[in-house]
Structures are given as structure tokens and as C-alpha cells.
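Beneath this line is the structure, given in C-alpha cells, with notes to follow.
Chain nomenclature is as follows: A, B and C, assigned in order of appearance, with residue numbering initiated at 1 for each chain independently.
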Amino acid sequence: MAETLLLVTELRKTFGALRATDGITLDVLAGETHAIIGPNGAGKTTLIAQLAGMLRPDSGRIRFAGEDITPLSAQARSRRGLARSFQITSIYRDFTALDNVALAVQAHAGHSFRFWRPAHEERALRQPAQAILNEVGLAARADVLAANLAHGEQRQLEVAMVLATGPRLLLLDEPVAGMGAEETQRMIEFLARLKGRQTMLLVEHDMDAVFSLADRISVLVYGRVIATGTPAEIRANADVRAAYLGEEVA
Amino acid sequence: MKRGTTLLIGTLLLFAAIPPIAGWLNEPFYLDLFRRVMIFAIAAASLNLILGYGGMVSFGHAAYLGVGGYAVGILAHYGIDNGYLQWAVAIGASAVVALAIGSISVRTSGIYFIMITLAFTQMLYYLGVSIEEFGGDDGLRLARRSQFGDLLDLANPTLFYYVVLAILVLVVFAIHRLVNSRFGMVIRAARSNEARTQAIGFSPYPYRLAAFVISGAICGLAGALLANHTSFLTPDFMHWTRSGEIMFMVILGGIATSAGPVLGASVLLLLEDLLSAWTVHWQIILGPFLVLVVLFARKGLAGLLARDERHG
Amino acid sequence: MNAILIVEQALNGLQLGVMLFLMAAGLTLVFGIMNLVNLAHGSLYMVGAYLATHFMQTTGSYALGVLFGLGGTLVVGILVEVIALRTLYERDHLDQVLATFGLILFFNELVAILWGRNAIYSSLPQFLSGHVEILPNLNYSLYRLVIIAVGLLVAGLLWYVVTHTRLGMLIRAGASNRTMVAALGVNIRLLYTLVFGFGAALAGLAGLLAAPIFAVQTGMGELILIQVFVVIVIGGIGSIRGAFAGAVIVGMVDTMGRAFLKPTLATVISPSAADSAGPALASMLIYLLMAVVLAIRPQGLFGSRGG
């Protein structure tokens, strides 16, 4: 049995009368690809925001690699190896693709109180950044301004930035949202190559993507996990079919 | 070479040519005018560091002109006219004041940041007005310019002019290096997308605060130069309209470019000079001009003249 | 330092406070609803003071002066909104700051052209001048009492309008959700123009009330504007309640500081040291207060938004 990398216990977050997260308990094992699915409004994005440290839970604990990270800020979690992509692409639009990734490398290469030497000339930043761009298939686009990349390329760039932080756990918030069929296919293939090497927690609406990638799936409904299991188990689960999958997969 | 860089070097070469031209025309006034332009270019360049690259809209940069100026003036008032000491104190004191103001204001953003930096500068202005020992409202006369032994004699107007030019070149180059260094990439990243910057693991605050302090220190040096230039200090060094003018120089010249502050300071001060020679009510023209620049020429002169340049 | 003096200075502080409130209310509404930083708000205060004084002097009637002062500022405010500021709502704060800074230069110079650079003075009509005995041995200026009354009245009216009327509902909704208000079929442009004009009229009111007390001169608007910024930072942005609390606090602290700091210091340090430190410290007091509030509550006393 692989070690537990992320352990979420009894996480709660309410907004007024809305229980966005209603006692979620969840674990992610080292090396696995764990997907979270659920209908709109199930609380997936709220959950990701709490895991990434951008939203404080009302109660409950988040343990990461054996450490309680519940009180830590987003940047402190990032430094411990927990990295996220955003549902709405979040990149530096006025920087080139390579600069975007190099910044992510830089964030994890010591402090940045270095005032004189041009960052563009630092091989320690540029080389790993270029390697990651190659890996996600953006090698030819390294010197293009991020704002001028196609939508799918921007999402790939964001994943590249997240990877460049050398994360132990990748939180992917709808990585194929808004992509065309071809772009979606390319992203899924890329994530499939990453699978096994990189622990991933994936929130996604695209069921083809989820069932082809995930080792385990947790189903979130109204802020609660109603089932966790392998894709086959989830397909067969009566509760899940009733609550959710019935209409979409069957 | 990028056109922005060409423009910058051209302007600096023009500055270098002013003393012989002024001598040839027998118009020493030009020496004075352009020395003033260069001093404000230094101040504007320092503001551009945090405003243009860091996205921090400081409406209080005149504070550091004042602190730097008064550092020289007060030391001179007590008979200390060693230039090295005066200028070091000017830079150091400005950095300390920037640290104090920055540690409170940099935590905020947007409108709060604007109002707070403006308010603290006004506080320093009132402090200047109320201290009778240093002349209060009437100001403080500098008996003689900062002394640098036999090395430099700032009483020589041409020499002083070239000292200012050398400092301007140094400052513009240093800021250019700074914004392209690791440090500069972080403050530019935090301006471009703060949430992303935190998500990849940076805490923007210490970097922003450091930029704020560096910017204040450079502007303090401009203040020391300005005190030597005018030989007379008043709290008006710190008047809030001064802050507005410096900010306008940055926008007029082109935000987040190396050439911008130099061009902006040149055009604004020369325009003021032309207009004020024409009518005492020149501000009635300058005000609407400013509004029009904001509405229609947002990229500034550097943006208009050198469309291909980005982060130079 | 006796009780009479303290009461008198407290009233002075309250009077300054309500004037600051009249300015802060308009500024904070315009910011809260239109997300516009208007540095030229101080210019509207100046315009109100000049118009009122001018028409008082030329017509000899106080009432006409007030009428022209208020109406004139309203019209000037609406013109400024329609001509220049309307296009700035969608711009960032930097653009707004610079453009309204340009407007300040314009207005200051315009006033200098029309009325000269020297201060002009307005006089009070018979029925507002003089003093009343409000406590035994305390004669207080009737006019200052009137200012306090007008300010409190406006504060009450504003509170009622914002919390109890349809217009107030729209204003509050507009602050949080622009598209929603537009969806309700409200002409949002007109609403903005009205709110701006109303804020301008309040600034004009503050200006015309201030005219007989302070010198009416160019630049008078910016001196009070920066104090109003302190008020808004302390009170919390976009909040009328915050603006009122902040204004009274700043008015009191500033007035009390100027009146009592020097004599109080003199009991601790030497009188000559107090002579020089007292006024310096008094002039810095409200800014230091602002720093303290920011350190403890960055969003201000009544603010909901941080940063």
C-alpha cells in the first residue's frame, strides 16, 4: 500500500446558509491519479480553493505529507509541494511563455533578492523551464507572449508552470475546460504520460478524461463525498448512478 | 537596437550637449533648466520602478524629494557640508522613511494605497511647515553646495550639470538591470497576476516593500541634488502637487519603460517652461492637457515613438 | 485647561467633523458605487465656496448666495461627470487619479483667473452672526452651531435615503452589482450622473459653509481633500456610517490636538521644547491615527473590503 500524501478530514465551509463543503473526508495516495467529479454546485471549486490555501475552512484538517497544513498560506503550501492550476486560466499574459515557466522555476530556486544579474541569462532558470515547455508540447512557442497563445496552449502553459514548481501533488481544476476536441485529446494524452510519475488530484467535468485517467474517483454531491473507488466501482455504484452518473454516463 | 533604447540614448546625448550649446548661445539659463529636468528624471525613474513595474500607484513620491533635500539642508544648517555624508544621509533617511510608510501602505492596494501614500506625504509636508528651526514655511537657505573636497566642485555649474547627468545615467541603467533581475521579475509578476504569483510560491509583500524602499532611496538622492540645484529648501519640495507631477512624468513618457521617465520629465518641464513664459495662467492649459493624455495617449511618448519595445 | 475650554474645543471639533463628513460622504459614495477615485472633489468644494461668496457679494443676499453656491456646484459637478469622468469609470485607478489631478490644476487656475490669487472673504448676515450662551460662561459662535446642525441634518437624511428608499436600495445594489441594477431596467448612466451631482452638491455645501470661517482661495479644496482621505481610510471605504464616524474622530482629534497638545506637553517637557514639538506633533496627529487604525484594522472601522 502506497503512503497517504494528502489526507482531508471532516472539512467544512459554509457561505451563509450554503454548505459548500459539508464534512469532506478524502485521501490521495502517493503516485495515484485521483479524480473528483460531481454535478455543478457540488463544491468542487470550493474544495480546491481550501486545499490550495486560498480559502480558509470553518473546521476540519488538511494533512499533507504528514504535516498539518490547515493554517498555512497558499505560498507556504506551494513551497511544500502543493501546486494548483486554476479553472480560469491564470498565467502572466504580458510575459513570454518561457518567462512564465522560468518564474515558476525561480519561485522554488532560493530567494529572489538578486538585483543585478538578468534573469534571462540564468541557465539555472531557463534550461529547466525550456525542458518543461518541451514536455508539454510548447517548445516552439517559448518566445510568444502568453496573451497571444491559443486558449488550449494557455492551459498547457499553466500546467507547465505548475509542474515547474516541482510539486509533490498537482491540483488540477478542470484542465480541459473550454478546450476544443483536439486540444482536449492532447491534454489528456499529456496527463496520461504524467500519470504514475506525478501524484494528481483532478477536478473535471469531462467524463472521458476522468475515466481514462483516474486510478480512483471520489464523487462529490452537495458538499459531501458519497462514494470513492476505482472507475469500475464508481460505474457500478447504485448511489452514484442515482445521484449523478445516471444522466451522464450510463 | 530597440527604438526605445535609441530614443533614450539620443535624449541622454542631447543632455550631454546642452552645456556647450548653452555656452555658445550665451544662455546659462538652459543649463539650469536641463539640470532641473535631469533631477526630475531621476525622481520619475525611481517612481517608475514601483509604479510602472511594480504596479504600486504611489501618490507620495515627493516625500522622498523632501527628505533627501532636508537631509542635505539640515546637515548644512548645522555646518556639516561634507557631500559624501550629506548624500549618504539623504539616501539613508529616505530609505528609512520609505520603509516606515511602505510597511503600512504596501499591505494595501488600489485606492487605499493611493490615499495612504498621499496622506503620509502631506504629514511630512506639515511637519516641514511647522518646524521653525528649519525655516518652517519660509524655507531654509543652503549656504553652499555639498562639498566633495578637491574631487568635485559643485559650485561650478557645468561640472554640477555633468554630475547630475552621470547620476541619471547610472540610475536609469541600475533600474534597467534591477527590473530584469530575479527580483525585478518577481515584482513584475506580482503586478501582472498576484494570485498566480502566490500560487507558484512567492510572497509578494517583502519584494514589493524592498522595491518601495529602493525607489524611495533613489528619489532621496534626487532630493539631495534638487536641494543643491535650488540652494533653497521649502516644504514645497513635498507638496502633493509635486507628487502628482512626478507621476504625470512617468505616464507621459511611458510607463514601465527605461526611456519613459526621462522623456516624460523633459517634455513636461519644458512644456511648463514654454507655457509659463507665454501666460501666467499656464496651468489652465496643462490641466486639460493632462486629462487628454490620460484619455487618449495612455502608452505615453515611449509607447507612441517606439511601438516595438516592451520591457526595455 | 478648564471644562469650558474643553467643551468649546469639542464643539469646534464636531464642527470640523461634520464639514469633513459632507466631503467624505460624496467621495465615498462615488467611490463605492462608480469605483471612481475623484481627486477633484476638493475642487467642487472650492467652487461652492467661490460661487456662494461671489453671489453673496454681488446680490447682497445670503440666501441667493447659498442657492447659487449649491446649484452652481451641482451643475459644475454634472458637467464634469458628463464631459470628463464618465469615460474613466472603466479605467484603472491610476488613470482616474491623473485625470482628476489635471482637473484640479484646471479649476485652481480658472478660479485664479476669475477671482485672482488672493483670498476673498465673505461676511455673515446679521441673523447668523454673534454668539449664544450655551452654558454658563460659554458663549459659542451661532454660525458654528448652525454648521453642526446642518451637518447632522444631512447625515440623518443621507442615512434615511440610503437605508429606507428605493434610490438608496439602487445605490447599495449598484455598489455591489452593477449588471444587476442594469438588469432591473434602471438607467445606470443617469443614476451615476445623479449620484455624482449629489456628491458635488454636498461638497459645494461644505464649501459654502466653510467660506465665512476660512479664507476662500485657490488650493483650499486640496487641503481638506487630503484630510477627507484620512477620514475615509479610517472609516472604511464606501461606507456612509464609516465616513461619519471617521469624520467626527478626525475632526475631534485634529482640533483637540491643536488646542491641547502644546500645553499638555509643556507639563512633561520644557515649555520651549513643547513650543516647537507641540504644533509639529499636532499637525501630524491625524496621520499617525490613520497609521494606527491601518495597523489594527486595515479595512477601516466600518469597511468590509480589505486592501
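Here, a contact is a pair of C-beta atoms (placed from the backbone, for glycine too) under 8 Å apart; a residue touches a chain by one contact, two chains touch by 3 or more.
These figures come from a predicted structure and were not determined experimentally.
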Greatest Cα-centre separation from chain C belongs to chain A
Chain with Cα centroid nearest the overall Cα mean is chain B
Interface with most residue-pair contacts lies between B-C
Chain-centre distance (mean CA atoms) for chain A and chain C, in whole Å, is 50
So, in whole Å, the Cα centroid of chain A is separated from that of chain B by 44
Averaging C-alpha coordinates per chain, one finds the centres of chain B and chain C separated by a number of Å equal to 31
Seen from chain B, its contact residues with chain C in the complex are 51, 57, 59, 104, 107-112, 114-116, 118-120, 122-123, 126-127, 129-133, 240-241, 244, 247-248, 251, 281-284, 286-291, 293-295, 298
The chain B residues in contact with chain A across the complex are 177-178, 180-186, 188-189, 192-193, 195-203, 207, 210, 310
The answer for chain A against chain B in the complex is residues 52, 54, 73-75, 78-79, 83-84, 86, 90-95, 99, 102-104, 106-108, 112-120, 122, 125, 161-162, 164-165
Chain C residues touching chain B in their complex are 31, 37, 84, 87-88, 91, 93-95, 97-99, 101-110, 112-113, 222, 226, 229-230, 232-233, 237, 276, 279-280, 283-284, 287-288, 290-291, 294-295, 298, 306-307
